[in-house]
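What follows are several structures.
After this come two complexes, each holding subunit A, first together with subunit B and then together with subunit C.
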Partner chain A sequence: MYRLIVSHETRLLARTGALWAILLLLVFAIGFAALAGGRSVTRQAKGAADAAAFEDGVRARMQADTEAYAARLAASGGTYEFATVDHVPGRGPPQGTNAGVVGAETAAYVVLPPTGLAALSIGQSDIQLRYLPASMGTTLDMVKNLEIENPVNLRTGPFDIAFVVIFLLPIFILALTYDLLSSEKERGTLAMILAHPVSLRELLASKIVARASVMLAVVMGLGLLALLGVGTQLDQVETWLRFGLWLLATLLYSLFWFLLAVLVNVHGRSSATNGIMLAGTWLILVVIVPTLVSLLATTLYPAPSRMDLIVAAREAQTAGEKGMGDALDRFYAEHLDQLPAGDQRAMDFLTLSQANAASIEKALLPLYQQFREQALHQEALVQRFQYLSPAIMMQLALNEASGTSTARYQDFLDQAYRFRGEWNDYFASRFLARSPLRPEDYDRFPRFEYVPEPAAAVMARLAGPLAGLLLLCIGMALLPLRQLRRYQVAAR
Partner chain B sequence: MLEAIELKKSYGSHEALKGLNLRVGAGDIYCLLGANGAGKTTTINLFLNFVTPTSGEARVNGIDANADPLQTKRYLAYIPEQVMLYGNLSGLENLEYFARLGGHDGYSADDYRGFLQRVGLQEDAAARRVKTYSKGMRQKVGVAIALAKQARALLLDEPTSGLDPKASNEFSELLLQLKGEGAAILMATHDLFRAKETGTRIGIMRSGRLVQELSTDEVSHADLERIYLEHMR
Partner chain C sequence: MIITIARKEFSEIVRDGRFRWMAALMMLLLLTAMLSGWQRFSHYAAIQAAAQGSTNQQWLEQGDKNPHSAAHYGNYAFKPLRPLAFFDNGITSYAGTAVFMEAHKQNFAIARPASDSSAIARFGELNGAMILQLLLPLLIIFLGFTAFAGERESGTLRQLMSMGVSRGSLLWGKAAGIAAAVLVVVLPCLAVAAVALAATGLETAGGGIGTRIALVAAAYLAYAAAFLFLSLAVSAWAGSSRVALMVLVGFWAFTAFLMPKTAAEVSRLAVPSPAFGSFMADMKAHQQRGIDGVSPRVRLAEYRDELFRQYGVARIADLPVYWTAMSMQKLEELDHPVFEQHYNSVREQYAAQLRLQDRLGLLAPLLPLRSISMALSGTDLIEHNKFMADTEVFRRNMVVKMNSYLSKAAANLNAVNDATNYMIANEEVFAIVPPFRYEPPALGMVIASQAGNFARLAGWLVAAIVLALVAVRRMSLERN
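Entry: the complex of A and B
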């Protein structure tokens, strides 16, 4: 019986324009979103590669200089020395021997590698810069281009596939289901059907199955095409596991909207009323609640402003400079490159500026800590309130599955800060010891190696939203059963 | 075949049926007469389990329709005042769907065409989408569905109201055929003439009660009208 009704419903759907119009829109929306997602990922990858290549180029030239210097010494004799501040090229040791110069004037880029699915859910990654320069100086230099003030942004800006799934898919689903029973009742066919040995439950279930299988087959098919088209790392198991989770979340989220249509339909109201109620519910769950939760998070746990950071940095710098003796000293502190070559002061000033940077960094530390804490608070609040709206759960689940979640990014930032520290220590210790950099040292500079989060951590974060969606669906499936028994078949 | 036993139905404080007893046996055409709001549709809906009785039983083939509706609906065919079908499907497709809903999977395409022929729907119309059908054509498909379902009991709610006299007459002919095949037919109607012509028995309802039952061969057209009007006073 189920099979009969399902195939009948599918035939009816195929003969109405609505289904085709919806599928066409879906194809276009997902197509555009996939292209936009793919472009965003390539842009970030290219940006990272270009920036790294530039810095590597600078260092390669410095290394070549030190090689030439070493060769010259080998021919002429003499000791391999440490360059002070050199503005006379060709004579004396090249700047590349000075660890302070190399460490401060070149940067190593730390890169958060995208997952294979990144193009499917750009998510926060437009505000998350995925490659950052690590060099001496302060962390401020590293994050000054970073959007650190609003790490939690639930209002998905970009038109990516996650947006299509979270915002548009429910509309398409509701367009196909808002009059699931009411249209049959209004058309008068409900009484005709129910004069046959069919229960209302069977009828409803079959109607949902017919619509859900068409929609889900199309959405999942398009998702797969998108992954094949703009996804990366397709040869890795991780990509497919992530895609499996992505599909699971999409399945549960879609199911929620189908079941919502059932819940509204079993009350026997008119199609128009059902439509309005469902549209209202969509607005509340998909737009209003996420906006309010986001607002609540940023109001309760506001991040310190960027201005605070800059002001604090300035104050620390001024305080540092005050300890620097006379006006001439202060002038040269700011214009190190204009010191006469070989001047002893150059050495002292480089040391001083190193000490200065360290004290600025120290002054800024509580502020970074505050940023981090507020971000974690915001994230925790969203995690807690996600259960108010399937759209939030879905956003969190998709971001997590695609590796664009706030948590993964915070972990990356921690790794990035740690690496900057390493880089700083490596060069500062050599510089302060006045130990010259040799050509072979260049191959031993600290390298950033992104350490992927353990799968268990990712799964633990996914468990909340997925379990939430699952329980919601179970509840939504049970809720209409009682009302169904009271359904008025006869039109009045 | 159809049996109402002390059947009561209240909508809130309003009693639509106040203890109805009636029997429709195989080969009977039982016509329910009565003013608007007398409770005819309510009676039919109770047999279909579209509404739940307040007390009493509506039995089909000895089974309480409220206790086991999926079973009783195997025996029933229902033709409402407006047979409503799927406009985007043809008459044939509609017939096939409803026949299979009724549990009859074994028919061939020829069988379906045969049913539609038997109820007098033209060949070319059968393949056309139902949204182009007139009311009479849809009522015919309704009868074809009942035929295909091999229903042992028919519930008809003013099935001929609004049909032209010829269509109405053809419809009555079909009922007589079904009756000949041993179907039990319960028909709510306002058409005293047709009730007398096609019916075997007549029940007059008033305010949820059956006030008189009579056999059509006991009365003339004129008598029936007189009796009916007396009850309505």
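Entry: the complex of A and C
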């Protein structure tokens, strides 16, 4: 019997223009979003590749210079020497022998690789630079640059599949379900149907099943097609795992909206009232609550101003420069191992800037700590308040599943800072010891290897939003049951 | 007659419990948005002024050093905001608030507040403009969709007509009644905002604040009126209020959520702009090979020979100007056209993207309104571009002042072949660079840039009124 009603509903649905119009819109939106997401990921990947290629090119030329120098010495005799900093070419050893020049004037790019699902949810990846130049100098130099993009478009936000799922899918679902019972009632057909051996609950369930199965089949199928469309390789377990979690979140989120429509319908109001209530709820849950939570987070835990950070950094720089002797003495006191033989503390530019960078870094550490702390507070607040709106839970879940979450970026930053330290130490120790770089050293420079987060960490961060969505759906499924018994079948 | 209808419509709306809920929510949100916007603006303005003062002082008190090193130390420009930014924050969180102005390099703006906030901020920022752009039309739709369809369903429309009411006056009366109800909600909040603005912001407003406010108000009024007449048109045309609501909410979602993102994405696909890494790699490579393919090193040698001829000498040691400073300034000037070409190209790409989006405003009235609102609040790309241009003027002036001072003051060093013996300057020398000053774009230019958007918005309003008139004229009086 039940199956009969479902198939009847499905056939009925297929006859209405509304379903086809909505499915067409959905297909179009997902296709366009896949195109846009793919464009964004490709653009970033090209940015990272171009930046790295440029720096590699500079170092390759330096290596070639040292090779030529070594060959010249091999022919003419003489010792392989360390060049002092000098930008006039053609005199003495090439600059490429100076570790300070190579380490400070070229950079190694540290890249956060996109996951297979990156194109589905852009998250903050259009603002944060996902390839950072590691070089001597300060951490501030590494993270000060930002991905460039038309700021008006950044403010508007990307048209990615996450947008389609979070914003548009509920509208489509509600458009199909807002008059689930009320339209039958208004047409007077409800009483007729219920005269057959079918309960109101069965009828309602079959109407939802018919609509949900069509919508979800389309969303999931298109999601997979979109993934293939943006060129994701499906040969990795991680990609399948992430896609599975992505689908699970989408399923729960869609279910929530279907159940919301049921909840509103069982109160027996007119279609127009149902429509207003559902549109209002959508607006509150998807637009108003998230902006209010965001306002709360930035008001309670405002990030320190970057302008203040800049002023403080310059304060530290000036103080360092003014006490050049001091900075240098302090530096060597902490790095006795790096004091050149015979204490020939050449006051040259790079030594000083190296010593200075260390003192700026120290002065800025508390400020960085403040940024980090406020960011963590904000994130914790969002985590707590996410349960106010399924849209917030969904955004957290989709960013997490797609690898564009704040937490993954923060983990990447930690890896990047560690690598910068490694790069700095490699070149600083050779520079301060005035030990010349040889051509073969170029192949032994530190290399950045991104270590992916363990799957357990990703799952742990996803647990909150997914559990929240699940509980919400269970609650929403139980709520209408009582009301359903009191439903007035015929208009009074 | 029109007044009677308006009064009836108004009191009917105001007595409705649903309206009271919506009005309370709307007022609460609008007030929160205005006040939090005001708080954010004042906080920003205080930090910006303090930071600019500090860096100007830091430039002077950077310690005695070589003038060219001073130019390397450089200065920062922090972007000031105009008071109307409290109402429409525009691109402030996304465009960068600080520019490092240093020797040899033109830089992008850094310090973007958006990158320090959680991803949830991407749902949108609560400010007055956002409420009026997104929620106000929905309120109008909720009040207006039953205007004719509801009367028809309850059978009162025929009665009304039998009393000899003309269809036109029915339309204008209903429009006036709904407008009055909407204004009752919105005006008190705007009054609070106006008081806050008058109390603290006017001294930083500069000229033309009155014109700006009047134009912004006109734009929002036209936008709201367009939605009002569209609601009435659809209500008259639709077979039932259910259908009217569905169509109107659909159109609202289309113009408020779907179109802005679609337009942005279409513009990005049509006019791609490079990522940071690609931009920098291209520009640096271009610098190395020279603007016209002649390497800067060759140009420098030519320049040296030119100076030799000019001063009638044969070697650097005899030059009456300090060659190191002259050559650094020459390198700087060789870079200028390269910077211009690359930065201008990105700016042109962004402008082309926005022009395309403006044209798509024919499909959604939010797009022209959004541009007008940002432009007149001084939080759009025009203002940002002017700020960036001013920083580049400052940078070039700072560098040329330092290099030319060095070139004259240190001519005696041409013969000294010792790197440690260099010229040291002090605060008095650094003071020849006047502090950074930002000159906002002329109001006339800002208004002119929005002429097309004003026309599109006016077009929407006229089209909505015509649609409403036609729909009311053809309206059937009974359910079919």
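Just so it is clear, the second predicted complex is superposed on the first by the 452 of 492 C-alpha atoms of A that agree within 3 Å, B and C clash if a C-alpha of one lies under 4 Å from a C-alpha of the other, contacts with A are read in each partner's own complex, and residues count from 1 in each chain.
Everything that follows uses one rule, which is that a residue touches a chain if its C-beta (ideal position, glycine included) is under 8 Å from a C-beta of that chain, and two chains touch if they have at least 3 such contacts.
Keep in mind that this is a model prediction, so the values were computed, not measured.
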Partner chain(s) touched by A:Gly100 [first = subunit B, second = subunit C, both, neither]: neither
First, second, both or neither for A:Phe371, with subunit B first and subunit C second: second
Contacts of A:Gly137 with subunit B and subunit C, given as first, second, both or neither: neither
Contacts of A:Pro465 with subunit B and subunit C, given as first, second, both or neither: neither
Which of subunit B and subunit C A:Gly403 touches, first, second, both or neither: neither
If touched residues of subunit A are counted for subunit B and for subunit C, the larger one: C
Touching partner for A:Pro480 - first (subunit B), second (subunit C), both, neither: neither
Subunit B versus subunit C as contact partner of A:Ile193, first or second or both or neither: first
Which of subunit B and subunit C A:Pro436 touches, first, second, both or neither: neither
Intersection of subunit A interface sets (partners subunit B, subunit C): none
Contacting residues of subunit B [partner subunit A, same complex]: 41, 45, 48, 50-51, 69-71, 73-74, 76-78, 80, 82-89, 93, 97-98, 100-103, 149, 155
Sites on subunit A touched by subunit C in the complex: 32, 35-36, 39, 43-44, 46-54, 109, 123-124, 127-129, 131, 144-159, 163, 167-168, 171, 175, 178-179, 183, 186, 270-272, 275-276, 279-280, 283, 286-288, 290-295, 297-299, 302-303, 305-311, 314-315, 317-318, 321-322, 347-348, 371, 374-375, 378-379, 382, 391-392, 395-396, 399, 405-406
Complex contacts: residues of subunit C adjacent to subunit A: 18, 22, 29, 32, 36, 39, 43, 47-48, 51, 54-55, 58, 61-63, 65, 73, 76, 78, 90-91, 93-98, 108, 110-126, 130, 134-135, 138, 142, 145-146, 240-242, 245-246, 249-250, 253, 257-258, 260-265, 267-269, 272-282, 284-285, 346, 349-350, 353-354, 357, 374, 380-381, 384, 419-420
Complex contacts: residues of subunit A adjacent to subunit B: 1, 4-5, 8, 11-12, 15-16, 187-189, 191-199, 488-490
